[in-house]
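Structures follow.
In the two complexes below, chain A is the common chain; its partner is chain B in one and chain C in the other.
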Partner chain A sequence: MIQATQEIRSGWCVVGVTGRADGECADALEAVLRAAVEANAKVAADFSALDYISSAGIRAVLQAARAAEGSRREFAVCSLSPPVKKVFDMSGLHHILRIHGELPC
Partner chain B sequence: MLTMLEEVVLLAVDEHTGDLRSAREFSTAYALVGAVFFDLALARRIDTDTEAIQIVDRSPTGNATLDSVLAGMAARPDLTTVREWIEHLFHLRADLEGEALASLTAQGILRHEKSKRLWIVDIERFPLIDNVRQRDVRQRLRETIMRDGIPDTRDIMLVSIAEPCGLLPYVLSDSQLGARRQRIQMLCNLETISRKVTAAITGLDATLRQAMARVV
Partner chain C sequence: MLRVRLCHNRHLSQLSFTLNGDLAELAHMMTEVERFCAAQGLMGDPQFQLTLAIDELFTNAVRHGGCKGVAAAVEIRLDAADGAVRVEFRDRGTPFDPLTVPPPDLKAPLEERAKGGLGVHFVRQIMQNLQYDRCGEWNRLTMELPT
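Right, the complex of A and B next:
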């Protein structure tokens, strides 16, 4: 299960994601992030409370980031929790995603 | 839409002769198993993390090859890692390729030709009837590698299977491949399944080298 919150801070739409981004929740995660991208010029996905991410979860993030790139919106992934940071580091996602240690706002 | 397995096998068909290219036979076999895992992942039947592979939905996909592999996985809960599964399914390599070729033939994309060389040796070829699909796969591969943007996840999977199969030189020139080597490696590293396919190939290479050294 994942839970998502949204708030606007200094022009950024911050999407806070809590729980586990696995195969069962990947569609929901992608939908939440894509909806934020469609409605906002700048989106920051806050993963500080995300406990786990699987390959399906990573694909969901990539698809949302791709949608943002296609519509010339800013999309950043921020404040990765330690287990999620480990997966991102192993996958080398910093090469194609904008990743921040802290929220950009 | 073609499956990932069908796309990789289609890419391996020589567009001029209908011969199957298998520049690195063992690598291709592992990569075909990887392609089936990608198909199952795209169909939301399995999921992976840094080590383990899990079935998240046992319901059939409607594709006989994928459903056979899925049923086999459900029957072996003792195998949990991606690498164990890749090695366990290695023996299915000929079936996977054959079923993909049969499906591509049934869809009117390939034609199956049989002949004999010197009246004895069986020769099989699969000339293209409809080259649009192969052109599309090649174009997606080219764009995913040559452009710097965020690729579609399906195309990331395609690159990470085509690379260990040794199929990229049929799509891009040596200079293009040289110039984009870092991008190719980055794309191949993104997916756990392709990382494990590469590790399995490397492990097999090492085993073969040790065996050869003992023989010599």
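Right, the complex of A and C next:
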């Protein structure tokens, strides 16, 4: 199960994601993040309530980041819980994604 | 359907369960791993790591290994011994040795990183003493998580 909320704050579209980003939910996560990227110049994915992520979830985030790069939008991944941050660290994506400790707004 | 066997004695605890070839079974798998880890006092990081490694193997087997739609496609056995959890992961998919997958280039640009291989990379980061063999119609991977 994954749930997402959206709100605009100081020019950023903040997408709050709750639940598990696994192989069952990755397509839903990718769709939510890509829709936000298509509709907004600056998107912050708030993962503070994301309990779990697998490589399928990481790939969903990566696809959203690629879409943002292709359309020159800003895309930031924010507020990772310690276990989810460890998965991002193992993935090496912290080298190429904008990962923030806190929301930019 | 999920069949579960849980045995306890003073020194050893073991859990075996079977999953159908359907990603909706991930939730059942996570519940079983949580139950096992709670019984062993392995909540927190060990539970997360065990869940992630099994998730990656199961998701690969369903998505790429021919297990999709197959009843009782995967059998998982967890054994807690001194200082480690031993995992046996068996699937009825096409013959596939994950240990032959080359490691991903973690420094590659965004464009390159959308390709696969990340799940197996996680398993190899988390687990130790990985061994693969093909037993009849089963792929069998054994591994250990140091606790």
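The rule is simple: the second predicted complex is superposed on the first by the 105 of 105 C-alpha atoms of A that agree within 3 Å, B and C clash if a C-alpha of one lies under 4 Å from a C-alpha of the other, contacts with A are read in each partner's own complex, and residues count from 1 in each chain.
In this text, a contact is a pair of C-beta atoms (placed from the backbone, for glycine too) under 8 Å apart; a residue touches a chain by one contact, two chains touch by 3 or more.
What you see is a predicted model; the values in this text were computed from it and never measured.
Peer 1: State whether A:Ala28 touches chain B only (first), chain C only (second), both chains, or neither.
Peer 2: neither
Peer 1: By the touch definition at the top of the document, which applies to A:Leu103: first (chain B), second (chain C), both, or neither?
Peer 2: After superposition on chain A, A:Leu103 lies in contact with neither partner.
Peer 1: Tell me which partner A:Ala65 touches in the superposition: chain B (first), chain C (second), both or neither.
Peer 2: both
Peer 1: Once the complexes are superposed, what residues of chain A are shared between the chain B interface and the chain C interface?
Peer 2: 22-24, 52, 54-56, 58-59, 62-63, 65-66, 69, 86-87, 90-93, 95-96
Peer 1: What part of chain A is in contact with chain C in the complex they form?
Peer 2: Residues of chain A touching chain C: 1, 20, 22-24, 52, 54-56, 58-59, 62-63, 65-66, 69, 83, 86-87, 90-93, 95-96.
Peer 1: Using the touch rule from the top, collect the residues of chain B that touch chain A in their complex.
Peer 2: Contact set of chain B toward chain A: 41, 44, 46-50, 54, 56-57, 149-153, 156, 186, 189-193, 195.
Peer 1: Tell me, which parts of chain C touch chain A in their complex?
Peer 2: Touching chain A: residues 23-24, 26-27, 30, 45, 48, 51-52, 55-56, 59, 62-63, 104, 106-107, 109-111, 113-114, 118-119, 121-122, 125 of chain C.
Peer 1: Could you pull out which chain A residues touch chain B in their complex?
Peer 2: Residues of chain A touching chain B: 22-24, 26-27, 52-56, 58-59, 62-63, 65-66, 69, 86-87, 90-93, 95-97.
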